[in-house]
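Note that chain A is present in both complexes that follow, paired respectively with chain B and with chain C.
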Partner chain A sequence: METNNKKAWLYLLPAGIFLAVFMVYPLIDVFIYSLEESYNFASQTSRGTGLFNFSYILHDPYFLQAVRNTALCVAITVPISTGLSLLIAFGLSSIKALKNLFQTIYFLPYVTNTLAVGLVFMILFKKTAYTDGMVNLLIHFFHGPTVDFIDGPYWAKMFVLCFYVIWIVMPFKILILTSALASVDVSYYNAAKVDGTKGWRIFLRITLPMISPTVFYLIITGFIGAFKEYSDAVALFGTDLNAAKMNTIVGYIYDMLYGDAGGYPSYAAAAAILLFAIILTITVINLLVSRKHVYY
Partner chain B sequence: MKVTLKDLTKRFPGRSRKDPAVTAVNDFDFEIPSGQLVGLLGPSGCGKSTTLLMICGLEKPTQGRIFFDDEDVTDIPPEERGVGLVFQNYALYPHMTVEQNIMFPLGNLKGEQKLSKEEMKRRALEAAKLVQIDQLMGRRPKELSGGQQQRVAIARALVKMPRVLLMDEPLSNLDARLRLQTRVEIRRIQRETGITTIFVTHDQEEAMSISDTIVVMKDGVVQQIGRPQDVYDDPNNLFVAKFLGTPPINVFSGSLRGGRLCIGEEEVFSIDELGADFVAASASDSADSGSDGVRREPGKLAKDAGDTDVWIGIRPEGFYVDEKGPLTCTLKGVEVMGRDVTVLSSHPAFDGETIRTIVDSENRPDTGRKEVHFRVRPGKIFVFSKETGERLYGSR
Partner chain C sequence: MGKRKIKFKTVLTYVLLVLWGLIVLFPFYWMVLTSLKSYSSYNSEYIPKFYTLSPTLQNYADVFTEVPLGRYLLNTLLFTVVTTAIMVVVAVLAAFAFARLKFRGRNLVFALFLSLMMLPNELVIITNFVTITNAKLSNSFPGLILPSVMSVFYVYLLKENFEMVPDNLYLAAKVDGTSDLKYLLRVLVPISRPTIITIIILKVIECWNSYVWPRLITDDPRYYLVSNGIQEIRENGFGRENIPAMMAAVVVISVPLIVLFLIFRNKIMAGVLRGGTKG
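And now, the complex of A and B:
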């Protein structure tokens, strides 16, 4: 038993070392940075410890803007993308003809590069000297006014960002939900049919509870993913997100580290810790809610 | 509720040109009297489940009609037929409690039929009491044993008071002891409710023990329909004879020569030995088992009948040990069962390894000897055609 234990630890060692060096140590380090005032990489010195960094970023309008943007993005994209994916997956599982074709079409965004998608969205939404963009042509068709989605009002930019995020996260969700729906035993549906259950009631009372663990998984990972939103915003609005008022929390962290105004690892660390706290809180709330509504 | 099936046929289309269409059920023609417990019996792939699903309405027949009493329900969807179906895997909703599961069909009722919550609970409790699970109402299916789950499934099928109750392999997911218990239970529930019940099984013992009527099927074709004892005593063909009974019937390769019955090369039975009522099969057929479409001329085993090769089937309980008996077998051993004794022996013309015969323990053979001689009881020996498997002769 004793030797077995030693062996087990030995086998775990390589993975353990990697985890310790690249995961655990940086985590602790970030936490320490966040408490050190004006830490300097070059001299490895700080002016003292305390909550100064947190106080600073919580008063930084750019950070508050980033938090607002991120929260809005999460609140809009997670429910819509999950709901739409569920609808599409349900539709896919109900049809027989061309099912594979549609599955492929819906999965395409997943294998497409973020920046390439960003380019396409530019063509769709960006207003230039030569054209107002495809979407504006559509708006004109319905006699609406021109909207500048990329450099225009805040709500227009937020709309494009959310549209983009929803579009890019859906393929994975559809894929997972389609397989979850396929795994529901057909005899449940037959039993419901014999009992005269109507379609909507079958969906709410049987299908949804049966796939609830998968839906729950997608909601949790959806929340986490949306909170970490950054690259999509860059693809749409360029690297100077603060100027576009479209920065996100992760974008703020990046700017603090490497941006034009960068070189403030302490602020970046404090922001990262706050992001971590927010995600943790939301996930715990999710878990508590799921106890009542998820059936394993 | 009387259930009538008229020329019922189900063909599944083949997937490709090489893969021909499969006829799962072929020309099923049968009337199930009201209030009976009917067992559809056959090996897997014989079309019994497809028949059940067609009666239920989940499968559409390719041809033929289904009637409940005088109402043609062939084109009516399952929910309007008033059937209850118990699935092989029970299909209990895992996220609902027992009570919610049983109440679920009632929740689908609309309009005038709509029930209050109290009425639904009352009806669910009534159904639960009938299958004796009323003390488990708050549990989830996962927290129940297989037998209890089975009862919940039956209660859920009964709660809407169906006109016909259908069960797909109701006992196959239970262990041997529970199976015995549950089949008695099914019989009791059916008797108490008086609902016409049709169940599917591949276990002949199960079908024989509780059914009022059994329907033996093979390759989508009905082989025989009748009361269990009648089908056992009077099988239409070799398949039915082999399918019913444990231990199974002993089949010998033999021939009919000049009015004598030979097993292997030995002439073992004369007509006189077999008794006067050893006649061609259709003479002893009851009226409704003649509906299988096979016509046989009635008549006694004629002394001048032509020589034919036949299968000779003798039920295990049809033997008794007699020094002067005409059938001589090599003794392999004796298994003592208490009241009875199983004699194991072999014979060159036997179709298989070991002949199993059941005799009274007083009638047991001398185990010191190498040979055992048997006589055969009248009524336990059947003669089948080697070409078609149809029964040619048998005593009644």
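And now, the complex of A and C:
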């Protein structure tokens, strides 16, 4: 085949322009911003060059709160959603009747608008003067103390947030795991059955190792996704997340750019770079661990 | 004994699956139910009822008259259609170059290209915000659309697909004197239709639900999309907490994608399986 340099670049040009302007240039620029001390967007001035922005956000109570919230959310939602989706995918793959119906239902949260459906969760969990709300009705039924999950104590708010995050991320995980389970060679199971291996041993010794690459893929993407948690919190607690003490790292970045406290892209850039560093570290650790435990 | 154990396990499995199904479906049921209750009947229920005997469509009328939900929907539709259309054209051209044309540095450029896939949006959105604001494009459709167009992953998906088309077809077209562009449009695109439809659907879902960028770049409600629109409705919309009306808005926003999903169920699930993310 002859080479046709010029023509090829012409075909790549539109994609190249979009990528250069909206991805490559911003990627370089964000590091520059992060080093311009207290750059103010309105006056277009900074105080100098250095690491002050990083030190500023690390001493900002709002940022520390956001880091705490995000870390808690990651630590709670990733293990629970991964374990639960394994359980459900395993259940799905062991049945025949109604399987399609279940799969369709389970996937619904994937195609819903997070901001809109979050409002349904809000009214289910909220306690107002007019009504205790659905969830509190349930708690009351079991003789528990009712609590306002949206404007109440910290643990209650964290609970709803994690609950909603898990609800949102489950479809993706169930789908991926179900398809991984379907691709496990049946002859392994048959051999195990002939040997008289017990059900849970088959799961631990055969199924889990066979799908371990998929599980680790889900854990890694789960970590990344949970660290970027933001819209779900807005859906539940409104746009002023600092007031609700429920801000996340990504929320902090956007607040620095926009809104009442906004106009400080350099602080936002420093926070974004820290977030990226955290995600990169966790991903590398995950990859190192997976090398030891993935059987492929 | 053994049989009974198996039966018990099957029952347990179904109980678990039905339970999760209920947890997934309940919020949908609750939003439809609440949207059909009237404002006064909703507020008089201290203990919320699981059914309503006097359903009303008044709330659905209110979301189009009292708050500009219709405008948000039209904005979102326009944003989704234009963004997706530009994305498909740009991605098809780029994928064709990577899959079929030979040029110096192709592998290197493609590797760089792929590495951009790992780039988190949070890292580049700061400068994009400044760029668009300085270009005086905030509160405008170009400002909403342009930074949302590119999805490196879809180019990758298309390139893989184009490469599966046998070389002979390309060579035969060359012998016939067919131009590259004609070959792309007449042969490659029709053959790859399933993949193109898949990326269109995935992009439509992404656009319809996008929240962060619209929220950053618009503060004029005339340019709100449904995601920041519903947030606006929640905070300043119906005066004192008119929750049934709010739920009607949520239903109206949710229905298009659910319908799309029920029609293209297999395509969407296969597409997500091949590389969708979220969570």
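Note that in this section the second predicted complex is superposed on the first by the 269 of 296 C-alpha atoms of A that agree within 3 Å, B and C clash if a C-alpha of one lies under 4 Å from a C-alpha of the other, contacts with A are read in each partner's own complex, and residues count from 1 in each chain.
We adopt the following convention: contacts are C-beta pairs under 8 Å (C-beta built on N, C-alpha and C of every residue); 3 or more make two chains touch, one makes a residue touch a chain.
Keep in mind that what you see is a predicted model, and the values were worked out from it rather than measured.
Peer 1: Do chain B and chain C fit side by side on chain A after the overlay, or clash?
Peer 2: fit
Peer 1: A:Arg201 in the overlay: touching chain B, chain C, both, or neither? Say first, second, both or neither.
Peer 2: first
Peer 1: Is A:Tyr25 contacted by the first partner chain B, the second partner chain C, both or neither?
Peer 2: second
Peer 1: Decide which partner touches more residues of chain A, taking chain B and chain C as the two options.
Peer 2: C
Peer 1: Mind checking the angle chain B, chain A, chain C on Cα centres after superposing, to the nearest 10 degrees?
Peer 2: 80
Peer 1: Looking at the overlay, does A:Leu51 come into contact with chain B only (first), chain C only (second), both, or neither?
Peer 2: In the superposition, A:Leu51 contacts neither chain B nor chain C.
Peer 1: Identify the partner contact of A:Thr239: answer first if only chain B is touched, second if only chain C is, both if each is, neither if none is.
Peer 2: In the superposition, A:Thr239 contacts chain C only.
Peer 1: Have a look at where A:Thr221 lands relative to chain B and chain C in the superposition and call it first, second, both or neither.
Peer 2: A:Thr221 contacts chain C only, not chain B.
Peer 1: Tell me which partner A:Asn190 touches in the superposition: chain B (first), chain C (second), both or neither.
Peer 2: So A:Asn190 only meets chain B here.
Peer 1: Going by the contact rule set out at the top, does A:Met210 touch chain B (first), chain C (second), both, or neither?
Peer 2: Touch status of A:Met210: first partner only.
Peer 1: Compute the least Cα distance separating chain B from chain C in the superposition and give it as a whole number of Å.
Peer 2: Superposition on chain A places chain B and chain C at a least C-alpha distance of 10 Å.
Peer 1: Considering each complex separately, which residues of chain A are in contact with chain B in the first and with chain C in the second?
Peer 2: On chain A, the chain B and chain C contacts do not overlap at all.
Peer 1: Okay, in this complex, where on chain A does chain C touch?
Peer 2: Within the complex, chain A touches chain C at residues 1-5, 7-9, 11-12, 14-16, 18-19, 21-27, 29-30, 33, 41, 81, 84, 87-88, 91-92, 94-95, 98, 102-117, 119-121, 123-124, 128, 130-134, 137, 167-173, 175-176, 179, 199, 221-222, 224-226, 228, 230-231, 234, 238-239, 250, 253-254, 257-258, 265, 268-269, 272-273, 275-276, 279.
Peer 1: How about chain B: which of its residues touch chain A in the complex?
Peer 2: Those in contact with chain A are residues 56-58, 78-80, 83-85, 87-89, 91, 93-95, 104-105, 107-109, 156, 160.
Peer 1: Please output the residues of chain A touching chain B within their complex, sorted ascending.
Peer 2: These residues of chain A touch chain B: 185, 187-188, 190-198, 201, 205-206, 209-210, 212, 295.
Peer 1: Under the stated contact criterion, what part of chain C meets chain A in this complex?
Peer 2: Where chain C meets chain A, its residues are 9-10, 13-14, 16-17, 20-21, 23-25, 27-28, 30-31, 34, 43, 45-48, 89-91, 93-94, 96-98, 101-104, 106, 109, 113, 116, 119-120, 122-131, 146-147, 149-150, 152, 155, 180, 205, 208-209, 211-212, 215-216, 226-228, 230-231, 234-235, 241, 243, 246-247, 249-250, 253-254, 257-258, 260-262, 265, 268-269, 272-273, 276-279.
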